[in-house]
Amino acid sequence: MQSANHKRKNIIEWFWKNLFLLMATVSIISVVTIGFFVISNGVKPFFGPSSDTTIVYLEKFKATDQVRLDGELLTDFKEAFPLTDGEHTLVYNTPQGEETINITIDSQNEDPAQTAVFSDEPESSKLDDSVKYTSILDIKGETPVGNRKVSVVVPEPAYSVTDFLFGSEWKPTALKLYGILPMILGTLGVTIGALILGVPIGILTGVYIAELAPKRVAQFLRPAVELLAGIPSVVFGFFGLMVIVPLIQQIFGLASGTSMLAAIIILGVMILPTVISMTETSLRAVPNYYREGSLALGATKIQTIFSVTIRAARSGILTGVVLGFGRAVGETMAVILVAGNSPQVPDSILSSVRTLTSTVALEMSYASGRHSEMLYAIGIVLFIFIVLLNLAIMRLNKKAGDH
Amino acid sequence: MAENNKFEVENLDLFYGEFQALKSITMDIEANKVTAFIGPSGCGKSTFLRTLNRMNDLIDTVRIDGEIKLDGQDIYKKDVDVTDLRRRVGMVFQKPNPFPMSIYDNVVYGPRAQGIKDKKKLDEIAESSLRAAALWDEVKDKLNKSGLALSGGQQQRLCIARTIAMKPEIILMDEPTSALDPIATLKVEQLMEELKKEYTIVIVTHSMQQAARISDTTAFFLMGELIEMGDTNDIFSNPKKQQTEDYITGRFG
Amino acid sequence: MKKVIGIATMCVLAMSLSACGSSNDGKDRVMISGSSSVNVLMEELEPVFEAKYENIDLKISASGSSDGIKAAKEGTVNFGMSSRSLTPEEKSGVDESIIAMDGIGVIVNANNPVTDLTIEQIAKIYTGEVTNWSELGGADLPIAVVARESASGTRGAFEEILGIKDQMTTDAKEFNGTGGVKSEVSQNPNAIGYISLGSIDETIKALKVEGIEASEANIQNDSYAIARPFILIYEENSLTQSSQTFLEWVLGPEGQAVVAEEFVSVENTAE
Amino acid sequence: MSRKTKDLLMKALIMFSTIFTVGVLVIIIGYIFIQGMGHLSFDFIFGSAETGGIWPMIVSTMYIVGISLAISVPVGIMAAIYLTEYAKQTKFVSLIRLATQSLAGIPSIIFGLFGLALFVRAFGLNVSILSAGFTLAIMNLPVIIRATEEALKSVPQSYREGSLGLGATKIQTIWKVVLPSALPGILTAVILAIGRIVGESAPVLLTAGVLKDLPTSVFDGGRTLTVHLYLLAQEAISPEDFQIAFATATVLIIIVLVINLIARFVSAKLDKTKA
């Protein structure tokens, strides 16, 4: 028989344990929700058309014009009207008499220009089909502001994943092209460049702090590295824009210094703290008898470091490199300020380049419909990048555990 | 069941996952006596001690069969209040582990956890416990100093003081003096002479001299089994089992 | 010592949270966001309007026409500002009122010798066919093409009028906002860019287009080729009282008088 | 190449790298301080955006720091308590650890996307300080969990056994012994987390917007210091604009410097208690 006091204690224990459990699951809930939002929005463009029906929108028409679409009288012009495939006739009155316009819709047509065709439209009108899947008939009105417009918007067909991943043209607004190859190459170019610059310097600095630096100097260097890690990325970007970009512009005589090289330099510096601290901690974790063994055989301090200590700390250092790669891929604002942001396949280290993350940051606030879904699709690509990195880190840690 | 038995243990088995650490231990522990557990390191004496106040519950892989009764009640039954059990069966650890708090907070930690809030009452408990642990005179004017700032011997007596503050019936001691210098060890042993008047004491020690000096009953463990148990003088003068004799005369272990 | 640190945590949190106290000063807010070109006009309208209506506080943020249009459609702001006409998808479900007409000035660095370009030449520069100033009567220097970010209404209108939608050369450097383009052109001798007529000042030089000078008069008489409307986008039936007041004031004589200072007013278009 | 010259070469490379790293730090901070220090003044710090001041941005930043800490610190600490004090080696616990690790690896721009989709649109909080606060709370969670776990693990097991041995319950042991001695480690992590939140820009741009006015409530949009610097960097024309940009960058660096110093001071305190 449990005493009342005992029951009370058990209830309190039960409450706290489950509260803590609930809090621990918050990270699972967050990852699942993030995954759900990014993936559910990001896969849509590849599985179905951008909207379910073709619509026609009549601009600057008034109820008094007796507008009839397929014989049905229209009064409210704020909303768009759905159109099925096939022939449609639009009739309305003008001071000069009755005008009729035929619109033939063939939404499955391969050629976007043929999806909506106007026939026997008034002479004063002009067709604008610069935006794919959208045909706008401008009808000259009395004042420049008063031109009537008949705009037909046909749903964009499902987009192919290969065109998305390997298409070399990102032209979302008018040509509705969503190829992100330029951005993938931009991201790879910038991050690999940053690794080439940042990793050697980072590892060697880590070696100095862990192995060679006298105690007092190491005590100064560690906080310095922490401070470098603490500086916000925008400050790095700003510094790059103010110093690195003009320098590149002068040295290479370019129209503008914003380029992949500028992004590489900035990102290379930004990943230094990650590489340095991982190198230093894994070197310090190497037990002394490794070093003594090598020194006892007459090797110099430098030889000991490079042939024994670093090999022993190899997977820790590699994890640092992978973490640095992850940080470089994820960086956005600093890159936007210095990379030039043109969505093109970079042909040299000096060309202006745009990364995956910058595209999302630059266009998300105004993109809508399929364009915004495509930005979520870029989010998925970044997600996959990160999962691969995490797996690499896990394999490295497991390997570290072996010896 | 002899009326003055505190613990009755019936063929107790204990497993760490697959490994069996204790094999069918059966013994009685008399009240107001000092019982010593001796045996080579790894023989299971500390593990057995920790089953008496269910400290082994902290380890997930531990599994227990058999029965341990305290005053006739099986302590591993489902509805036993573990915290109440540990209040009645205090424990002093090998390495002194005062909390990173003041000496005063250390001593009154237990009573406060039980819900005693009245400052005056806590002051009384603190003084009486520190006096009982022969530490009052050395710390009475620096009660707010951190417990960690005391010497090893003082820290161990502080731990004894905070155990006493819970008014336990039994005090378990897991090699209490192995981390202390000889002078501090002597002090703690004199303290135990006093304590055994009021409390049942069970002490694990790897020093046979200590067992001989302070204990009334001694139990000899080997490879997880209880080899022999009896009056301390009998065990040390004419042990019945050959293995006990080998251990006592220092042939092994 | 533990208590010292405990307290320290509490005040770190409290200090940040205390800043959250909401002290709404009782003014009714009108949220407006969108085109940075229209924002230049808004920054002139705001003081005059708020002087007349003390209880209304205009909260204006400039991040690009498409942002404003989208925000208005989603109802996160009372008015979206756009410096280009809406696309069909954007039109459905919202109302719009043209509050001003504005030209887009093609600008070059102050000491660039070139003074006049045709629509076709400008189009060729922006599609990357023409890449050196010498081909246009200037010095032998590479042309640094400067453009607005994709969200910009000025860019949308500019590319629509020149018929080069989505065909801009990838060498062009994109800048956020009117200020960005103006600062690049004013500092980079080889640069060519475009900004709202209302934002032109002595730090840069506006070119003639097809021989016509970029001025309010030439927009009034519809002779200047690159012109576009400033539009406010809103949902008629969910307009708050103060938003209604603001809209009527802007389209009314007082508002249009402020418009006329830098831009071209539109008296009779308010249906 | 003889062994001696190889040694010298490697030593030279090591020294060069270290000097390069320290040099970069000194140049960046030095350059920005020189350009920006002059412009720092009372009415710059407390002036409104129209007068070229950054007070609205400081308030927005503090709001966001406050909200994200108020959520991520309690949740993070309690999650870490579960993982270190209660969790057994089950499949579910390794799932929690994997989720926490991948949450830490997600690029900040994806948090921006997520914050936009969930808080701004789905929850209808609009572009506001609240949306940004929630988004950064989730971003900050793994940092708090990992640091708190480390701090809890550094508490010796003997403290727990001592407390349990005196008949204290598990939760009393956690509140009275384990957490207080882990507190300095946790506090250091919280302070460093502030630096990280202040430094974020991409997610904040998408969720809190670019409004320059002083936010009157958490439901208003608001531009943080980093977003302000980002926009200034792109739109600055007159020398005066550049001075404001440099001064803003200087303020950001000062904040990071102060935060690192406080964190260092608290962790030094940590060593004292261990004595």
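Per-chain residue numbering starts at 1, and chain names A, B, C and D are given in the order in which the chains are listed.
In this text, contacts are C-beta pairs under 8 Å (C-beta built on N, C-alpha and C of every residue); 3 or more make two chains touch, one makes a residue touch a chain.
Everything numeric here is computed off the predicted structure, so don't read it as measured data.
Participant: Pick out whichever of the two, A-D or A-C, is joined by more C-beta pairs in contact.
Facilitator: More C-beta contacts join the chains of A-D.
Participant: Measuring centre to centre with C-alpha atoms, which chain is farthest from subunit C?
Facilitator: So the chain farthest away from subunit C turns out to be B.
Participant: Indicate the whole-number Å distance between the mean C-alpha point of subunit A and the mean C-alpha point of subunit D.
Facilitator: Centres of subunit A and subunit D (C-alpha means) sit 22 Å apart.
Participant: Which integer distance in Å separates the CA centroid of subunit A from that of subunit B?
Facilitator: Here the centre of subunit B sits 63 Å away from the centre of subunit A.
Participant: In whole angstrom, how far does the Cα centroid of subunit B sit from the Cα centroid of subunit C?
Facilitator: 81
Participant: Mark out which residues of subunit C touch at least two other chains, giving numbers and ranges.
Facilitator: If we look for residues of subunit C contacting two or more partner chains, we find 2, 63.
Participant: On subunit A, where are the residues touching two or more other chains?
Facilitator: Counting only residues that touch two or more other chains, subunit A contributes 9, 365.
Participant: Scan subunit D for residues touching two or more other chains and write them down.
Facilitator: Where subunit D meets two or more other chains at a single residue, that happens at 169, 180, 234, 273.
Participant: Enumerate the contact residues on subunit A facing subunit B in the complex.
Facilitator: Within the complex, subunit A touches subunit B at residues 1-3, 5-6, 9.
Participant: Taking the complex as given, what residues does subunit D use to touch subunit A?
Facilitator: Of all residues in subunit D, those touching subunit A are 3, 6-7, 10-11, 13-18, 20-22, 24-25, 28-29, 31-32, 35, 74-76, 78-79, 81-83, 85-87, 95-96, 99-103, 105-114, 116-118, 138, 141-142, 145, 169-171, 174, 192, 195-196, 198-202, 205-206, 226-227, 229-230, 233-234, 242, 245, 249, 252-253, 256-257, 259-260, 264.
Participant: Under the touch definition given earlier, write down the residues of subunit D that touch subunit C in their complex.
Facilitator: 59, 62-63, 65-67, 69-70, 73, 120-121, 126-127, 180, 183-184, 186-187, 190-191, 194, 209-213, 216-221, 231, 234-237, 241, 266, 269, 272-273
Participant: Would you pull the subunit B residues touching subunit D in the complex into a rising list?
Facilitator: That would be residues 53, 55, 58, 60, 83-87, 90-91, 93, 95, 97-101, 109-110, 113-114, 146, 148-149, 159, 162-163, 166 of subunit B.
Participant: Applying the document's contact rule, which stretches of subunit C touch subunit D when the two form their complex?
Facilitator: 1-2, 5-6, 8-9, 12-13, 15-20, 22-25, 33, 59, 61-63, 71, 74, 76, 175-177, 179-180, 182-183, 186, 203
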